[in-house]
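Same chain, two partners: chain A is paired with chain B first, then with chain C.
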Partner chain A sequence: MTRFVMRRITGGLTVLLGVLFLVFALAHIAPGDPALLIMGLESADPERLADLTVKLGLDRPLWIQFTDYLQGLLRGDLGYSYRAQQPVSVLIFERLPATLELAGAALLLSLVIAVPLGTLAARFQRSGWDYVAGLGTVLGFSLPGFWLGLLLILTFALFFQWLPASGRGGSLMGGVVDLLLRGEFRALGLSLRHLILPAVTLAAPLTALLMRFVRNGVLQALGNDYIRTARAKGLSERCVLFRHALKNALIPMVTVLGLYAGRLLGGAVVIETVFAWPGAGRLMVNAIGRRDFPTLQGAVLVVAVAFIVIHLLLDLAYGWLDPRIRYE
Partner chain B sequence: MRTKYLLIFFILILLSLSGCTAGESPETGGTLVVGQSTDVEILDPHRHKDLYAVRVSDQLFDKLVMLNHQGEFKPSLATSWTVHDDGMRWRFQLRNDVVFHDGEPMTADDVVFSLNRVLDPEFESPHKGDLGFVREVRAEETHQVSIELEEPNGALLSALLNVHVVPEHAADRLNEQPVGSGPFVFEERQADERIVLKAFNDYWAGAPMFSELVFRPIPETSTRLVELETGRIHIADGIPGEEMERLTDLDGVEVASTVGSNYSVLAFNNERSPFDDPRVRRAVGKAIDAQRLVELVYPGTAVAAEGPIPPTSWAYDDSFEGLGFDLGAARRLMDEADVDQDLSVELMISEDERMERGGVLLKSMLEEIGMDIDLTALEWGTFMERMLGRDYDMLRVAWSTDPDPDALLYGLHHSGSEMLNFTRYQNPQADELLDRGRRQADVSARAESYREFQEIVLEDVPMVYLLHENQVVGHRKGVNGFRPHLTGAFYFKTGFGVNTWLRQ
Partner chain C sequence: MNRLSRLDPRIIVGAGILALLLIGALGASAFAPHPPERIHDDFIMAPPGTPGFLLGTDTLGRDLLSRMLYGARVSLLVGASVVVIAGIFGVTVGLVAGAMGGWVDHVAMRITEIILSFPPLLLAVAIVGVRGPGVPNLIIALVVFSWTDYARVVRGEMLALREEPYVEAGRSIGMTEAQLVLRYMLPGVANSIVILGTFGMASAILAEAALSFLGLGVVAPAASWGSILSDARVFLRLAPHLVVFPGLALMVTVMALHLLGDGLRDWLDPRSK
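Let's look at the complex of A and B:
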């Protein structure tokens, strides 16, 4: 087990190095000079451009820039943003809570919806309910995020005026703390009201995907001998369905979750933009347009680390879900 | 009988007048929320130059002078100024009742410190170039400053619009905890979420009418407009032309617009065939119907241009006429120039919806004179690199800067401007007029230089001046006494009479 974890960590580090190299190379190969963008069109002047190029260290050979960056990383230094003139770590970590909040809410939402509905769709296969669930799956997965987001805004923020169209209503954790310590619901309520629309938008495709996997997994499991045995033992249908069939359908679902985690964390850009959600995805995409390489690399690094850690945890979860899987 | 009607008439008028004043009596308090398309990352006013950040800095800090909505210079921290030694030295008398947000009084030393900070080569302020002609800044008395120049420069006041005065004693933490003398005090900043400011009760021009000012970045236009419609924000910038009509029709919303201090051009690479031939450049200029471009792509958000100087400038001459749209003349010029029959040129634009729609329209206009246009839309970083590297045939770009004609014209047109003169336009006569306009201190003499300059570029056509974009914002009807400044800045409380208030 320890050996397995160690091996996976070494593998993860190799992947990280590869990712960093790739991002670095792509950023520098792509046209567009960071010094030019920071200088801005209005104050374009060759002398200032030369000064900025030197100041940003862009005049040095690429491999020196890269090794310098890696050395900085080893010291825990993510670099300094060209544009915001602040340490990259500050820029990322002040946005990370919002990103995690949104990703967590979307994940929770999709699990809560997809698992029971998917199971029921399998149990009542080919019923009207199954078809409705199937239609929901197709819609949830195929509607583009920005379109769904805008539709929800127009419906719930503009037409009914039930929910705010954009922004974050303070930290969710802060709201929870307020409720627990002071018994005040206001902060949590504000936070949740802002969270609902972006979380639903982000959760839609994942919910659809999970529902499909749960349905198929449960369907497959229901045809197994142990289900017949369980039923023969006289177990209640609920017990058969949720304890025996569902548990065996979980493994493919965990795989999907792992593959999707990256999209929840780093790929929510469109949704963050539509809802003006102050997350790390916007930081990353803005950094590309502004050629703010340190910020871009830092943000990609954090997402990559999260991705690797999540995959490691999921691999370990396989063993817990299915005792037949053993790590050597 | 008649007197009776007259009496009733007067009473009615009086009633309606009193009704007006009762409804319009200013209210105090409230929170005004501004929704901008971009987040403000830098709070130190000497470290940024983008409009969104300037809108925030203008609330926290003051400048020596300001430009009112008519484009005239007005006293701010400086009450008066005089020019000495043939324009080589300017002397500014400062207000003596100004305090910073921390209670410290503002003195000449703070002004000197601020200007020197911008000029410091180590500091790398983006405003350094605007003040390149300044030799020395000195405190003469506690409330008097003199600025000595390398050579006379009539654009000094305009350049000073970029320099916010910061307190010397609190300068090292301006990015985290900005302290200024402006009408609002910094409260907090949440990245990509909000910047909160509070009214400064000891402001020298009197406390602002409303008590809190919040800036929120909302990048998606549709979302920003929904927030405006539902009243969760009071002011929204970046209103697209096609939304103007709908917004104007809404109950609680008004659209305010000001002709901007900018110009948008179709620029030629003057060194590259076929645009090295002035007849071809002229033909293109005459083939373009700028009025139609405005109507179709910028309805209500721009005015067609005659020349580079916008109507808001003191140097604007309303008798000046541009090239004009004349397809026949354009075709004749093309025949004269005898260009290659299957001529194909690239028109480079930046990725932007209006640029793209305008590009398609320009393409169809130029096809009328037998030009085959290859439209290329590039992301801004790439666009700028190719533009300044002069790697293009024709391009469209908007040029927006300080409202002084020197700032508007010099960089793009003077042959000595290495980087910004990306069209490689070279005409010693034009250079001479630009230099003269810069050196003169007298406004009417300067206006004459720029009028002559416009005649020359009308002859040479280094680029086609298409339009001046308006500064357009949508705001709630409850926001009173507000309109966008011609530079795009937002002023809510100034020494020159702007005093915005909020009806609750």
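Let's look at the complex of A and C:
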């Protein structure tokens, strides 16, 4: 197991270094002077610009700039936003919890929907139910996420006025703490009411993907000998389906979830804009609008690293769950 | 012939919808009732069904149907360009990596892993954000993350094909590695490339819409479905038709591509039945 873990971690580190270089290189694929871009100005007086170029080390060779950048990262320095007059790390870590809350809620929601529905679709293959589930899957793939968000706002916020159209009603954690310590439900209710529409929007395409995956996985598992054994020894159909077939179908899902986590984080960039959700994705989009380059770079980096870490953890969990993988 | 008569209905429906769309987009100048950028001052946010404006007008009084027809050009152009460029590049990388193996393969696969470490849309947003909006930058941004699919799939299939007896036979009669790859192995992976391309076009069209929605796509006054949705967002309550129709068009297009892709996969690959 130790060797397996080590191999995954070194592999992850190589990829991480490449990711860091790509993010660093973003500054150099932009048209125009990087110093101008970092300052966030369209034009500046040449002397100040020359000062800044030296101060930021932009006159030095690229690889030295890159090692400087890496050293900064090790010290927790993600750069400085000249637009917001604040360190980028402060801006990002203020907003990251909101994004993780949204993505986590969406992930949970899609698992809760997709696992039972996918299992049933496999059990009753080629039934009307399977057909409906299949249609739902295609629909989930084809719905543009931000459009679904707009339709939900139109229906539930503007027409029925049941739920708020945008914003975040305080942190979910804060709400839970309030409920537990003071028995006060108001904060949690407020934050849940704001969370529902964006979480459903973000969860829709993922639910479709997972449903198809679970259905195919269970279908494959149902063809195995151990299922026949389980049935032969008189286990109930429910036990065969959920204990034997589903459990084995779920193990490979762990790695798939890692890939999908990335889709969630990418999708969050758009969905946060639709719902004015104050997360890292919205920070990124706003930074582009303001030409606040260091903030964009920092946010891309943090989200990509979060993705790599999630992926790595799930990969390790997969090895732990399924011993065959470790010895490949 | 027998094979054609058993054509999957999904292929027919998907291809049919796409053909209609293509005709509408190419013939936009003939079909559109109005020039897409003409402003009709007396018809601001007219509802659908207003005489002369079948789908209504937008916030500046421009005909929605006309703008959507022209917008279809952008969606299809971006989708097709991304698939062709990413396909050619990715397939080449996959063929070379699969044929040469060793360190070339290792480096190529590490690069795809690095690209795949970014949530796809995130990387595109970052690239367009840095390089500025517009269709060319949009295409570049989408190609950067979509070529990896082709490279990985082609490389994987190449590894399997290398062991096939007919490839071995070709090698034993003295064919060069390049001949083997192009004449024997490329046709073997062609089906997968077509299927990947179909799904790739669907995701490119969705990504274009998302980026245009964020204001990172086409430059006004030109329209794409995503940018129409973006403009309409603020007027959701006053003019819901501006949100409903372009989104429907997007959804139907993507669904048609998915139907076509699913149908093609089952049709081209007998094993999946």
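Annotations
Going forward, the second predicted complex is superposed on the first by the 274 of 328 C-alpha atoms of A that agree within 3 Å, B and C clash if a C-alpha of one lies under 4 Å from a C-alpha of the other, contacts with A are read in each partner's own complex, and residues count from 1 in each chain.
As a convention for this text, contacts are C-beta pairs under 8 Å (C-beta built on N, C-alpha and C of every residue); 3 or more make two chains touch, one makes a residue touch a chain.
Since we're looking at a predicted model, the values are computed, not measured.
In the overlay built on the shared chain, the residue A:Thr273 is in contact with chain B and with chain C.
Once chain A of one complex is fitted onto chain A of the other, the partner contacts of A:Ile29 are limited to chain C, with no touch recorded for chain B. Once chain A of one complex is fitted onto chain A of the other, the partner contacts of A:Phe293 are limited to chain C, with no touch recorded for chain B. Look at A:Leu150: by the touch rule set out above, it reaches both chain B and chain C. With both structures placed on the common chain, the touch criterion links A:Gly57 to neither chain B nor chain C.
Judged by the touch definition given at the top, the superposed model places A:Leu49 against chain B, while chain C stays out of reach. Looking at the shared chain after the overlay, A:Gln85 reaches chain B, while chain C stays out of its contact range. In the superposed model, A:Leu158 makes contact with both chain B and chain C.
Comparing the two interfaces of chain A, the one with chain B and the one with chain C have residues 31, 37, 146, 150, 153-154, 158, 273-274, 289 in common. Across the complex, chain A is touched by residues 110-111, 113-114, 116-123, 125-127, 129-132, 202, 206, 209-210, 213-216, 229, 233, 236-237, 240, 243-244, 247, 250-252, 254-255, 258-259 of chain C. Those residues of chain A whose C-beta lies close enough to touch chain C in the complex are 14-16, 18-19, 22-23, 26-27, 29-31, 37, 138-139, 141-147, 150-151, 153-154, 158, 262-267, 269-270, 273-274, 284-285, 287-289, 293, 296-297, 300, 303-304, 307-308, 311. Chain A contributes residues 31-33, 36-37, 39-46, 48-49, 51-52, 55, 83-86, 91, 94-95, 98, 146, 150, 153-154, 157-158, 161, 164-168, 273-276, 278-279, 282-283, 289-291 to its touches with chain B in the complex. Contact residues on chain B toward chain A in their complex (touch as defined above): 41-42, 47, 49-50, 121, 124, 126-130, 175, 190-194, 216-220, 222-224, 226-227, 229-230, 232, 379-382, 384-386, 388, 397, 399-401, 411, 418-420.
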